[in-house]
Amino acid sequence: MEKTAERETGRLEAFSDGVFAIAITLLVLDLKVPRADSLPPGGGGLLRALAKQWPAFLAYLTSFATILVMWVNHHILFTHIRRTSQPFLYWNGLLLLFVTFVPFPTSLVAAYVLTPQARTAAAVYAGTFLVLALVFNGLWRHASTGRRLLDPAARAASVQAITRQYLVGPVAYFAAFLLAFVWVPGSVGLCLVLALFFAFTGALPRLFERKRSESS
Amino acid sequence: MEKTAERETGRLEAFSDGVFAIAITLLVLDLKVPRADSLPPGGGGLLRALAKQWPAFLAYLTSFATILVMWVNHHILFTHIRRTSQPFLYWNGLLLLFVTFVPFPTSLVAAYVLTPQARTAAAVYAGTFLVLALVFNGLWRHASTGRRLLDPAARAASVQAITRQYLVGPVAYFAAFLLAFVWVPGSVGLCLVLALFFAFTGALPRLFERKRSESS
Amino acid sequence: MEKTAERETGRLEAFSDGVFAIAITLLVLDLKVPRADSLPPGGGGLLRALAKQWPAFLAYLTSFATILVMWVNHHILFTHIRRTSQPFLYWNGLLLLFVTFVPFPTSLVAAYVLTPQARTAAAVYAGTFLVLALVFNGLWRHASTGRRLLDPAARAASVQAITRQYLVGPVAYFAAFLLAFVWVPGSVGLCLVLALFFAFTGALPRLFERKRSESS
Amino acid sequence: MEKTAERETGRLEAFSDGVFAIAITLLVLDLKVPRADSLPPGGGGLLRALAKQWPAFLAYLTSFATILVMWVNHHILFTHIRRTSQPFLYWNGLLLLFVTFVPFPTSLVAAYVLTPQARTAAAVYAGTFLVLALVFNGLWRHASTGRRLLDPAARAASVQAITRQYLVGPVAYFAAFLLAFVWVPGSVGLCLVLALFFAFTGALPRLFERKRSESS
């Protein structure tokens, strides 16, 4: 039984990895080359035109960092999980739905961050990450409640640490969502800071801490 | 012989997985950011413009769910199959042809569902899924007739259950196709309901039922 | 040594598979949804507008079939090959360069097949496949000359059969290339026929013939 | 411990491979089919219109060759590396960020190489490769300093050879970057020459040299 289940996890992971890799690479399509006829004829206006696209580059960087951290998180999750279940597949499908969706709000915030509609765009952007954080919690809760799908070797301390850590996401992205209505640059900036924060203090260190402690 | 054949299945699956993963991720390109110059100058019109795009979001969700269920189905199929044959490769190639095609009718229905051309768009959309259901049946029939390519360990009851279950698809999608000519929202809605229905009562439960019963 | 080399082939194959899978899936982006404002206001014009896009659908089908057959061919090749070499990597890189290029002439022929520029578009289309056939020959010649990179278990008859079979491609696509200048539909149609011909009489049967004979 | 770490490297490599494969295939989207209404009505203008797009084809070729060489380099790197660490994951993430970014400057240089803004476009293009070369050095330095993450079997001579070889990249691409301000064709051409140079004298020969010497 265990062998079959593990193999099923392998396939699910490979498919998920493919979706993550494609979604993260499609982000570049949101970067648009400035149209030549929109530039002043003298030359030298291209750098200024590119500089004016800074919201697109910022959104690209933020979404890239966020998807990368989510991919690392997804793998940490699966290092603790041994079996799958039907609801687990739904949660994972829901997660992939919003992962593939990320290029759209990224494009939206890049296009509207300097316009009067910036609040709406920033709220949709932070709101997407809020939903992703909630889905990640649902996925983990389903797998970890009563150690339902966990690897018997997963240490209780590691499991609890992930549960605690996952609570930060929804709260922080809800703050970014609310901030969108009062201070747009702060909301988008907070999303970037959160991705870097999770990368440097959350997901990645946890990955190695766990491996070191469990393999020793 | 068996080892070689199994390896060949592995490659075929990996290639098919890649195509499924890319097709499901490309769907996001059908979601278009509303053009800034089409909005009222005051601000606040973006949310309304996004809400007006609900057919695109609905089509995105429906196509995503359908491709995901097809991917799960494809895997269930391959857990029963041990060998490949030339016609089997054609059937699989035909399946991938229509899987990669899905973003086009998705885009079509999103663009036309609110116009006088809605019937045509919805008929093409449901028609694509009808063809996919037929190709899935052809693929399975070729593999299962006389247990031609099946794993010797595949239980007859599981095989028959899949055969029965696969008959639902063509009938249901033919109904959605016909419905497109009289009630467009019903046709598109039926496609979404079918994807969810197959996910919750068809493919996924079967996957786990089979594994539990066969591994016990 | 053999183990290391085999693993290196595995990576090369996986990377190549990814490129094939993505290129075949990107073809759908060449299918454009007809613009709503180009249709007659009464409704019912969408089907006619789609029908008028038949060159795009034909080119989609032809390119899909051709890339799929090339993928199968690529795998057959690698079932005979055990080692890699530096020139082999260049040949494979050149092959991937033209595989990723296929969506462009596909788009070109779809856009221009009904215009006075049809000859140029069809010549570029057939010419791309001609170059691909030549690169495939180069790749195979490098690997098979003096059995340089071949699996010791590869039978001489199989190797010679592939060498003979590969000669058909350049000649046939050169005919399609020439035909583009006198009869455009014939040239594009020949490309589709060739893909189907290779699928049904060339690559795929060979794959199974080989496996059966060598594993017995 | 070693087994777990090696598995983690495998996942990281598979994810990176996916990103490389997608980025290299997305380059084709920068090749635009000339608009039919921009051609002279007589026919025969298509070839001239395509020929006028030579900067796009040159940029496509250059970026394809560069990403391919980077992929080979990435693999050579991982054949020497046995473990991962948190900073190593950051370096690899930074590398992937710029790999997925390559289609944008490619598109930029294709659009502007014949305009008065050519210098800016060429500087951004060469600058992207300069940053990539620097990130590659950072990744390797982190892994190889004190043999931190290296495979114990990695020979000191091979490691030193890679370190020496990696110094060429930043210097050469910095020259291409400077050249962009005085001679645009020279700068873009140098990027292509560098990719071919690394392919024929750098990465690929090294790959085989290493394997031969270490496996003997």
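Going by the order they are written in, the chains are A, B, C and D; count residues from 1 in each one.
By definition in this document, contacts are C-beta pairs under 8 Å (C-beta built on N, C-alpha and C of every residue); 3 or more make two chains touch, one makes a residue touch a chain.
If you're wondering where the values come from, they're calculated on a predicted model, not measured in any experiment.
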How would the chain B/chain C interface be labelled, same or different, where same requires over half of its residue numbers to be shared? different
Using mean Cα positions as chain centres, tell me which chain lies farthest from chain C. A
Suppose each chain is reduced to the average of its Cα coordinates; what separation in Å results between chain B and chain D? 36
Centre distance in Å when chain C and chain D are each reduced to the mean of their C-alpha atoms: 26
Residues of chain B that touch two or more other chains: which are they? 14, 18, 22, 26, 29
Full set of chain pairs in contact is A-B, A-D, B-C, C-D
Which bits of chain B are touching chain C when the two form their complex? 1, 4-5, 8, 11, 14-15, 18-19, 22-23, 26, 29, 85-86, 89-90, 93, 96-97, 100-101, 103-104, 107-108, 111-112, 115-117, 119-121, 124
List of chain A residues in touch with chain D within their complex: 14, 17-18, 20-22, 24-29, 31, 33, 36, 39, 41-47, 50, 60-61, 64-65, 68, 71-72, 75, 199, 204-205, 207-208, 211, 215-216
